[in-house]
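What follows is a set of structures for review.
After this come two complexes, each holding chain A, first together with chain B and then together with chain C.
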Partner chain A sequence: MSRAVAAGLVVVLLLLPWVGTGEYPLALLYSTFMYAALAVAWNVIGGFAGYLSFGHATFFGLGGYTTGLFLVRTGLSPFLTAPLGAAVAAGFAALAGYPCLRLRGPYFAVVTMILGLAVRAVILNLPWTGAAEGLWMTLPPWEPLVARRAFYYAMLAVALVTALAGRAVRLGKMGVGLEAIREDEEAAQSIGVPVVRLKMSALILSAGLTGLVGGIYAYDRSYIHPDFMFDLHLSVLAVLMALLGGRQSWAGPILGAVVVRLVDELLTVRVGTEAARIIFGLGLALVIVLLPDGLLPHLERLRRRAPRPPAAVPAAEARL
Partner chain B sequence: MAQVLQALATGLLTGTVYALLGAGFSLIWGVAHVINIVHPALAVGAAYAVYLLAAHGVDPLASLAVVVPLFFLVGVGFHEGVIRPAVRRGGDLVLVSMVLTFGLAAALENVLAAVWGPGPRVVNVAYTGRAVQLRGLVLPITHLAGAGLAAVTIAALYLFLHKTFPGKAVRAVWQNPEGAALCAINLRQVTSLTYGLAIASAGVAGVALALIYSFSPASHLMWLVFVFLVVIVGGVGSLLGAVVAGMLVGALTNLSTLVIPFAWAPFLLFASLGVLLLWRPTGLFRR
Partner chain C sequence: MLRVGGVSKRFGGLVVLRSVSFQVDEGAIVGLIGPNGSGKTTMFNVITGFHPPDAGDVVFMRRRLVGLPPFQIARAGIARTFQVVRPFVGLTTTDNVAAAVLYGRGVRHVREARAEARHWLQYVGLAGAVDAPVSVLTLGGKKRLELARALATGPRLLLLDEVFAGLNPAESEGAVALVRRIRDELGITVLLVEHVIRIVMGLCEHVVVLGSGQVIAQGSPAAIQADPQVRHIYLGEGFDAAG
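Up next, the complex of A and B:
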């Protein structure tokens, strides 16, 4: 995507709430920004470094619980404490990340999944977090439309920060290092890539951004419970969106998030939640079978009008 | 003391069932390098099949005659129709298999919820609620039946893998696919066979679990945790490892409820898993 198009898009999104846009489109866009931020954040460790986390809901939930508890205890607005939520999630990633990142491939995936379930079990048993009753927050006495606008801008800001961070990592030196780790960790280490430091930084950054999203989401929901703040579906959804869009680029997950969010919304509105989940699950399976590299490489190819066999995308082309 | 022995006994019985569920999962992971998230969901499906048949007066043990062949075919079809096309397309096998099978598990869960509702179900048979007394230990017959079923199935799997030619071929492919192919072993057939066996064993585990526990469409997530624990503690692809790990997990979960509040039991399990991973990342029994 060229810079001008991206800048134009951001301006349109910034102005959108003031051209008579109703609550529903704003809410839909809000959740799209949220999904996009989650997917881009996941991609920093899962896509660039190839460490497939299936437990990013852990960081999301930690961020949400941090802002929630701050609001309940001190009255500080989550719009202010969201960065603290990010810090808590990042801190947890720093602690848990070291042992986890010693594991590779399927082991890392499984352990991160278990980690999320473990943190959920802990929160469910800590009385000061509201435990199994959940935590209620009071929203400021805003008009519904005002509240929607506020959350729209908050999540847009989070998504932009996340996208810029993802872009900076991908295009910077760190991205090269992470790519080397993904392709061959031993070889990367032997030529002097600081493997442990890079993996840790990627996980901490990814967790922090995910915590930021969770912090805002919790406030919007105004009631949080471990069951949906640490939901495994959310972890897998982040993976799916990045996978669908294309894991090699920083922008791919955004595309994946937009597609997933819109399809999900359409299905839920048209056929109801249960049937939507069935279709969604099967569609997900189909997408994986048909498009293992994601959408973006195919779109790129279309744009260049240079058809190639749908084999693996060379590393040089992977950079966007 | 009696309490401890009682907890240990029940824990070992349920642990045997976890071992069976973990063994099939471990077999697919070992032979095909696929993390089959839908494995416990299929077991839940089997539990519902038992529920359906029990409503028509069929004993859970008799329903095995339907469940085992059906699930064997499901396993073969799952490999030929879903996994193989996905693998041939390339991509990261761990990622593709986990997302793919999670999608299938979510779909299956919601199909079950659409038919039977999200609430828990219990299979009632003639011997539900009855127990055998043994030196002060109370052993429910349903637990004994479930554990016995699991133990017999594990033994059969072990004998098959170690004593028969096709079983040895499965192990050969697990150890070294290229080498196995050079010995004229048909990789596709053997992998299909592995899936058939593993999914059939998931069916049996589902029958056993239906005897012991109540279940709901969402139960598969909790069972998935136990499966992960069994496989990671026992080591991928190791049948005996899965047996020991299953019993260990079952016993530990039950014993811990004596010392700490029930709700904290899962946490203890996860914490011990974390320590284990730091100490021996590939499990206790990996060769």
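Up next, the complex of A and C:
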């Protein structure tokens, strides 16, 4: 995607709430931003470095509980404390990452999944987090449409920050180092890649961004419970969206998230929730079996094969 | 330049290196030879930090290497290739080498690193495979790629683990010439493990012979070939490098 197209898209998204857009489309886009941010954040450790985490809901939940507890205890708005949620998630990743990142492949996947279940069990039993009763937050007395707009912008901001971070990692020095780690850790060390430090950084960044998403989401729900804040389904969804879109690039997971979100919504509206899940699951399985690199590389190949509009060429050259 | 002093290494009950000492002088091409299982590759892994030794010392340019993680040893100026080639298969040839420029030498910008990487690919004779996927390379090509990757870290000492194995005679001749060029043009010291004795004798100025984890002889190629113990254990009594 060229820079001009991306900038245009962002402008459209920024203006959208002011052209008479109703609550439903805003809510749909809000959840699309959220999924996109989760997938891009997951991809930093899962895609670039090849450490398939099945425990990202842990970071999401920690972020959500951080902002939730701050709101309940101090009255500080999650819009302000979301970075603290990110910090708590990142801090947890820093502690858990050191032992976990010694494991590879299925072992890493399983251990991250179990860690998520463990954290959930802890929260369920800590009285000061609301435990099994969950935690209620009070939203400001906003009109429904005003609330939708506020959360729309908040999640858009989170998604943009996440996408820019993912892009910077992928295209920069760190991206090359993480790819080397994904391919062969010993060979990477032999050319000077600080393997442990680099994958720790990737996990911490990935967790922090995921915690940021959770922090905003918790406020929007205004009631949080370990069952859906530490939901394994969410961890799996992040993996699926990234794989579906293509985990080699920073933008692939965004595409995956958009496809997942829109197809899921469409199916739910048209054929009902249960049938939607079945069709959707089969579709995902097919795509992953048939296109292991995800959708994005194939789209790019199609675009390259298509004849370019002549006007676009001088414009592209002028930018260089 | 490199001094290995009294290095011992055991894996469980198996003693792989027994108080090994030798020295590599700056600017030399040194051969490390010995029968299979004599500890050559383990020696490389000790020098590069992958296997910490149980005893002994490795000193490189007056710096103790024992205890340093492999990535710091690489940055200190020791590069290696692997016995079984280990390119980053999911990356292009250029990015394989660019990773070494970025992390081995501390270059910060990917674009700059890629430009330099292309230079190294040309240097090792892979000008035709710049920016290509690794899968287009033959075994010889992959070995050259590993060499380019090692060179791109800016080493003072290059450890080559059987780079000539599995190459056809023409490829092997080209590789010998390349190793000579690396030493002569770039001034990089070379320590190589090799089984093809003819190559060792033609290329190296100094040869260290390992047998069951011990240094059984070291000296000039001519002296090594004349050594009765080496002939008995490794070369075979009737051995003649010219033949």
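Keep this in mind: the second predicted complex is superposed on the first by the 305 of 320 C-alpha atoms of A that agree within 3 Å, B and C clash if a C-alpha of one lies under 4 Å from a C-alpha of the other, contacts with A are read in each partner's own complex, and residues count from 1 in each chain.
To be clear about the criterion, a residue touches a chain if its C-beta (ideal position, glycine included) is under 8 Å from a C-beta of that chain, and two chains touch if they have at least 3 such contacts.
These figures come from a predicted structure and were not determined experimentally.
Chemist: Fit or clash for chain B plus chain C once both are placed on chain A?
Modeler: Chain B/chain C on chain A - fit side by side.
Chemist: After lining up the shared chain so the two structures overlap, which partner does A:V195 touch, if you call chain B first and chain C second: first, second, both or neither?
Modeler: After superposing on A, A:V195 lies in contact with chain C but is clear of chain B.
Chemist: Can A:L52 be said to touch chain B (first), chain C (second), both, or neither?
Modeler: first
Chemist: Could you let me know whether more residues of chain A are touched by chain B or by chain C?
Modeler: Of chain B and chain C, the partner in contact with more residues of chain A is B.
Chemist: Where does A:P127 make contact in the superposed view: on chain B (first), on chain C (second), on both, or on neither?
Modeler: neither
Chemist: Now for A:R277: first (chain B), second (chain C), both, or neither, which partner does it touch?
Modeler: First partner only.
Chemist: Go through the superposed model and pick first if A:P144 touches only chain B, second if only chain C, both, or neither.
Modeler: neither
Chemist: When the two structures are overlaid on chain A, which partner does A:I288 contact: first (chain B), second (chain C), both, or neither?
Modeler: In the superposition, A:I288 touches chain B alone.
Chemist: Regarding the shared-chain residue A:G20, is it in contact with chain B (first), chain C (second), both, or neither?
Modeler: neither
Chemist: Scan A:E183 for contacts with chain B and chain C and give back first, second, both or neither.
Modeler: A:E183 sits against chain C, while chain B stays out of touch.
Chemist: How far apart, in Å, are the nearest Cα atoms of chain B and chain C after the overlay?
Modeler: 11
Chemist: Across the complex, what residues on chain C touch chain A?
Modeler: Interface residues on the chain C side: 48, 50, 69-72, 74-75, 79-80, 82, 86-91, 95, 98-100, 102-105, 108-110, 113, 149-150, 152-153.
Chemist: Contact residues on chain B for chain A in the complex?
Modeler: 29, 33, 35, 82, 85-86, 89-92, 94-96, 98-100, 102-111, 113-114, 221, 225, 228-229, 231-232, 261, 263-264, 266-267, 270-271, 273-274, 277-278, 281-282
Chemist: Chain B touches which residues of chain A in the complex?
Modeler: Against chain B, chain A makes touches at 50, 52, 54, 99-100, 102-103, 105-107, 109-111, 113-115, 117-118, 121-122, 124-125, 232-233, 236, 239-240, 243, 274-275, 277-285, 288-290, 292-293, 311-312.
Chemist: Flag every residue of chain A that touches chain C in the complex, lowest number first.
Modeler: That would be residues 171-173, 175-177, 179-180, 182-184, 186-196, 248 of chain A.
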